Structures are given as structure tokens and as C-alpha cells.
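See below for the structure under consideration.
The first chain written gets the first letter, and so on, giving A, B, C and D; residue counts start at 1 in each chain.
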């Protein structure tokens, strides 16, 4: 992992896009069991737009500009529930990295992920346990916050954070949905893994892998 | 086989109806490969109407009245191609049995079948070899005409006539259709057995069995 | 079989019943399987009677009302009606100016409408028939009279209905309808078959990656089976067949992109987009257009494209006539 | 996947393109995914903007035109549009009397329309929203505000559009629309799922002998799965749920039997027949009725029934207003 400047973040987002698209059908399948089967499509459309936006940025771009550009891509192309949530999250990440040139410290990513998850909660008004992406994101943020107090490599921290998110996403199976389309199914949704919690874990894993390569 | 009066013919037609309905799906399947898949349905609708008409007749009914009543049932309920063709055929059978009280001779049935097939040809204007019900009916009529010159039992004659019709129906596989919906497929219809030729054979077999029981 | 029905053999009667109840401001029953406009007979107006097998709604009964047909006879699913309901509709709509039958070229329909025509003429009602044969791929050009009638009827009947609304004579209405038919061509493609309710099984089976080109409106197979591919190239093939059969270059046309029943409206607009590109490239001026399900084959997925060449009379008839039928309205 | 499309990710743009071309006498594009009536803005008239995910045609964009909506924003398939096209449509239809948003109660739509509303208000355009929640089975009565909006929008928007045509104020149009929504209930059943094109697979799988009761319009599962059975008893269950939720006895109503996309019109009439019997038995007077595909879920087979209780004002609005939109016309 080299020094993580804006360009590296942009490249990592392009890698995230690739991973999301690879999981399109899987995410649709998860959403289809209890929702409307489009989550993988919405995420793919959003991340394709992000990729186009990233490719249009100069190499000298700042991390905050990268995140804001990703936010705008989601805002213009996606819609649905997930569009505004990721728009808000990327915009919050831009806010959390204002004036920074590099994001080499674990604490940078604690701030980024923390800003993201809170902006999602403010906009979406879901609670923990409602069976949404918050249920994989909050445990991940808690995890990386603890790691940041212990020192260690950023790469390892991002990887183990993504793994925590994935485990938490799997654990959403037991939850009863309270927000979004799946909420209408109530108990019938128990046993199904939440699509948005899963895609969030894929995004975090994409960051970890993408930044390694950058 | 008792003496075949009008009531016996009516009972035989009810038996024919039963056999046609048992073969509904098979006939639809044959029609579906090259036509519009409704032949078994049209024949069932027609023969159900015939059954209702037969049940409404007095026991003292004449054979000609029975056939005319079957013709009317087809005329009012069926439509399609097959409706007018069977209507014409039953009306012709009524004509061929005018003034007769009993139909115990093979020659009676030569006249009936012969009148039926010719009325179908006049109305439908198909040629032999066009892959229609004529291609099972004409060989059957030829067969019973020969038998009538030889003597023998009516029951046996009707049975072997029905068998001839069935064999001829199977042989329609090699024909290229010239009339009706299947005509549009031309060579593509080779290999498929004609639905109307097959149902005609079922009708003749139904007569043979039904009259045995009557 | 997944259908919103009760006894499959009762479907047509129950459908007829619901159709009458839902459209009682426009039509009335005049027999067990026949309807006429509430206002029928309209004195001095040529009555137009349409009909055919059920399973094609809005065609045929859905077009009874102002600006199109005056009466209709319902057959069983995909089966021509017998002559009786046709006769009933004829008698009901005869306002003294005679009656025109117009229907698709199928053997069953021809036999039964001809029978009705004979009976009605014998009763003293002047009846003429115009049999429609717009389906390009159902027979070669030299045998065009063998072609069957499919989606193009929707366009042709605009002309027929408009002409009759103008209180034209029977001969004039017949001539206008015949002219419209002569100038109309259609080609269809099917992606799936359909299920005749009383049959309960798909009429034919089509592998997941194949479609039928040149099929009709009864779930019957088409003239060739090809691999499923991007729709633009399929539309190109459809339009090529149509344009090779009649010279539309530089003409004004009326156009229909018709859904066969199982394809969403969204997809029909994708098709229209391509049709429009091809018309533009061939200097074909679209003066009237409609995208929607008009002549269907139960739940069959697929589409047909119809073009009708317009002269000035036809152009004015189709543009200026209000249509207010049971299932189709045009301002 | 058997669809009349090219690249599944291009479907919405190509559909939008075809929709604009096919309806250019009624609407114009005002953005990449937004449309407005050709005449927009109409001075002094409240502008009505509708929208939501694609895949529901005629809803939502198909209702832009005289007597219903003034503008619409298209989302991706089954996904709310982002705020941008909503804002574009709002600006285009604002004739000085303000703009009303009306859409179904889905989280994504609420978030994106609210965002657009904030942006437009900040630009000085008065915007109000009426969120529709007619789907009885999507939440219990005590939590009616959580119910989603489905087929009933077709009835509610007759009232909204008619009121706006009368040049009522924004508050009056909002009040009439809200009243219509409060008096509207819908229940739907699905026989098959549907395929989101970019997904390529059915959203969920339903065994051959089962149907879903209480489902929405996105191919999502309903509230319970039952065995396929005669439709009359299914309609009985639908009507029971509706009548238990709101007192329709003795009332005048407007009624919709809505096809979800994959069920033939013939079957919808079989359903209407039964609905009418039940209304008669409950002294419910059907003053306005429509049977057809209005609020669909791509090619999903199934039906929904909507009832809207009418007072004198609503009765006159729905009966006396001419509607001439892209995909729905009423004389």
C-alpha cells in the first residue's frame, strides 16, 4: 500500500465498482427474496456512474473531491433508496476528509466510515436492528475505531473491518426488517440476509483490496 | 349389438363425446404443434353440446332426428373450422338416414359415412392429401364400402373401419398441409399428425364401441 | 396453469358477462355471444360487424363503439364464432343502410361469416364482407389472398369506422375498408407461446433462447425460429419484410406497434424507437401512431408492427374521427 | 430472459426515447429522464408532477396530458427517480400557481421527492406533496400511513387532474387529492413474478400451483402465499379485505380492475364480473369503472382491485373531465 492520495482513492472506487458489478446477480437475488430484486442493479448503475466520474478526474484530485464526485454520480443516476443514502454517505466522506491530501492513518478511515454511517442514519432514519445496511456498517465502524487505538497497519485494519461487516451482514438473517420494502413482510423476512448490508460489506472489502493495489 | 334405432345412435354419440373429451389434451397437443392448439377444446365443446342435445331427446327419436340434433348442437356452440364441418357432416348423415327407423345394415353406415365425408369436402374445399380430416375419413369410407359388398357383422365392419381411419390419421404425418392454419407452415408441418384426422378416427372408434354397448 | 379464471370451459361466458357489465354505457348484449352499440341500430348508417375467436382483446369486441364497429360476435378462445351470433349482431345493427363484415382471413371465420352473410341476405339485409390479410410472412406475395389478418386490423378499422360515421353508403364503406387493407402490412415476432384455458398447456414450446418470426395471434408457430437477440436487429428484420412487400418510401403512414399480451409497454416503446429510426431513414412520414396492446394472443410475449399507407382521404379519416369504443379511445 | 430489448442497462433510456417519440403530440422531454406536457407551463394552473420507478406503465409517465398530470420523472426499473429529474419536471410545469407532487408511498420515492421539494421550494416554487397509500394489506389499519401506494393511484389521479383543470388553487388540489386517497383502497394478487431486465432473473419464484395475495407492483412477494384456485373465491377474499377496511356500503364508488401486466384482458373481465356481483350484494353503486392494465409490474401475471368512495364533488370531477394523456383517454 503506497501513500493514499486522491488518485489512489479514485482507483480504489473503480475497483469497488468492479466488485459490486461482479456481485450484481447475488445482490438482486438477496433483494428479490424479500424486496423488489433490484438492489444489485441499482448498485451497479451507481458504481458504473462513479467509475465514469473517477475516470474524468485529474490525477491531482484531492480525496474530498473524489468522494464528492462519487456522491454526485449517485445523486444523478441512481435514485431508489440506496441512491440518496450512498450520495449522503459519500458526501459525508468528503466532509470528513476536507483539506486532507492523504489518508494514510487508520484514524482517517475511522472518521470517513463514521461520517458515512451517521449520514445514512440521519437520512434514512433507520435504527440498529432494523435489518438495513446500518447493521453491517455500525459493527464495522466500531471495529475500526478499536483498531485505531491499537496501532497496526492500515491495510490490515481495512481488511479486518470489511470482514467484520460481512459477518454482520450474514447475521442480519435473524433480524426482522423495519425499514424499506422488506418491512412489509415482517417475520416472513427472517432467514434472509439483507441486500444493502451485504453490498456495504462488499464495498468495504473493495476499499481494502482496492487500496492495497493502488 | 342390438337393433340400432335412433335411441341407440343417440347413446353412441354420448359415448363418442366421452371418448373425445378423454382425448382433449392429446388433440390439443397435435393441433398445437402446427395449429393453434384448440382442436381438442373445440371438439369437446361440440360433443358436450351434442350430449346435452341427446339427453333432451325422447327415446322414440328417429336416427335422422338424432343426427340433425347433433348438427344443430355443433352449429350453435362450436364455430371454428371444425364446427361448420361437423355440422354439415351430421346434417348429411341425417339426410342419408331420412325415413329409416333402424341402421342395422353395413350399407346404412356406408351411406352415412359417405354422405358425411362428401359434405365436409363440399364445404371445406380441401383435396385428398391436403392433410385434413378428409385424409382419415376417405380411406375409412373406401374400406367400409368394400366390406359392405362382402357381408359380415356390422360391429366388425365399424371396428375395422375405425382402425383404418386411425392408421390413415397416423399416415398424415408425411403430408404437407394445404388447408387451415397449418397450411402456413408448409414443409415445417411434415412429421406432425393432423389433429382433425385423428379426432375423426376417434369419433369412428367411438361409434363402433358405442353401438356395441347400445 | 396460472389464470384468473374459474372453470376453463366457462371462461368465455364469464368474460362476456364481465365485458358487458364493464361497458354497459357503450354496448348491449343482443345474444348469448353477440353485442351491439347501445344506440343500435343507427338509422341510415352502415353497420359494421366484427368478430372472431376470443383471446385477442381489445380485438375484436373491444372496438365496438363510436368511430369503429357497431356490433361483434364472440367465438370460443381462438375459434371463430358460429354464424348465429354473427346473424344476431347483424340484425341488431342494421339501420337500413346495410351491414359490412370485416374480419381476419382465417378459414373458420370465412366459413362462419359467409354462412351468416347468406342467412342475412336471405332476410333482406344487404351485407358485404371485407376480409383482412395484412400478415406479410404468412404467404408469398403471389398468394397474398391466402395471407391471414393480424394486428393491421386496428389501423384498417379506423378507416372503416370513420367512413361509416360520415354516413357513407355500404359500397363506399366497403371500398374504403378494402383500400385500407390493400395498403396495410404487418409482421410479428413471438417470444413465448400461450395457454388456451380449456387446454391448460402451452400451445407450443419454445426454448429459452429462441423466438418465432412471422407468427400469428393464436400462439401458433411462426415461419421461422431464430435465436433471441437484441431487439433492434429483430425490428430491422420485421421492417425489411414489410418494406420489401409494399413501397412505403416517401409515403404518409399510420403505424401500430402492437403488444401480443405478455410484453410490457416499456418494451413496446423500445421497439417503437427503432421503428421510427427506420421510417426516418426511408422518408416514411408517420402521421398517426399507436403503441400498445391491441390485437393480442392471450398472454403471449411478443410484438407486431403494422404500417398502413395513407392517401389524403385516409389521412383525414384517421386524424379527424373521434373514437370512443369499449377498449380504445382517440380524441 | 425473453424481452424485446437490447442492452438491459439501456432499457430505460431507450424506452424513454420511444415514449417521447410516440407521444410527441402530448409531451416533450425536459431532461434526460423527465417530461412535461407540450403546453407546459400553463399559466395559473397548478402543475401536477408524478413519477416513480419505471416498469409500471401506463403509470406513471403515461398519465401526463390533459386531465391528469403535467409532468413526470422516470426512475430506473422499480427504482425511484433521483431528485434531479423531479426538479426538472417541476420547473417545467410551474405556471405560477404552484406544483403538487403525488406518488406512491415507498421509501425511495419519499426520500427523492422530498429532496426535490426542498430544492424547488428554495427556488421559490410552492410545492406540496400527496403520498398515496391505498394498499390495504401492506400494513394494518392502525399503521395506515405505512401502507404503500399501488393501483388506486389511477382513481385518485382522476380527481387530482380534474380539480387542477378547474384552475383550483394548490391547497384545493392538494385537499381534493388527499380526500381521494383517504377514500381509496386496493388489494392485489400475483400469479407469477417478473424479471428486472438488468437482473435477468425472476425476482422471486412461485411454485406452479401457488399465488401471492397482497403483493405490490414490483414483483416483490405479498403477505401470504396460497394455492391457486378458482378466481371467484380469490376475488371474494380481495373484496372482503377492502370492505373490512373502509365502509363502502351504500356508497357511490369509482372502481378499477387492474391487470399487473401478464394477465390477458379476458381474465380481467372475469374478475370484474365477480367484483360487480359483490358490489351489488353490498349496495355499492359503481358510478365509474375501468377494466385494464394501468399500474403494472412488467410482465407479472395478476390483478388488483381498487375502490374509491365518491362524494358529490368527486363524482362530478371523475365523470365530467375529459382525459387525454399519453396512455389513457376518457371522453
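To be clear about the criterion, a residue touches a chain if its C-beta (ideal position, glycine included) is under 8 Å from a C-beta of that chain, and two chains touch if they have at least 3 such contacts.
This is a predicted model, so every value here is computed, not measured.
> Could you work out how far the Cα centre of chain A sits from that of chain C, in whole Å?
Chain centroid spacing, chain A to chain C, equals 53 Å.
> So the centre of each chain is just the mean of its C-alpha atoms; given that, what is the distance between chain A and chain D in Å?
33
> Quick check: what residues of chain C touch more than one other chain, meaning two or more?
Residues 77.
> Which positions in chain A touch two or more other chains at once?
Residues of chain A never touch two or more of the other chains.
> If you connect every pair of chains that touch, what shape comes out? Choose line, ring, star, complete or other.
Shape of the chain contacts: a line, open at both ends.
> Which chains are in touch, pair by pair?
A-D, B-C, C-D
> Which stretch or stretches of chain C touch chain D in the complex?
Residues 2-7, 11-12, 14-19, 21-22, 54-55, 57-58, 62, 77, 191-192, 208, 211, 228, 230-232, 234, 257, 261-274, 276, 289-293, 296, 298-299, 301-303, 322, 324, 327, 329-331 of chain C touch chain D in their complex.
> Inside the complex, what are the residues of chain C that reach chain B?
9, 53, 75-84, 106-108, 111-112, 115, 138-139, 146, 148, 193, 196, 198-204, 216, 218-221, 223
> Hey, which residues of chain B end up touching chain C in the complex?
24-25, 28-29, 32-38, 40-42, 44-45, 48, 75-84, 123-124, 179-181, 183-185, 188
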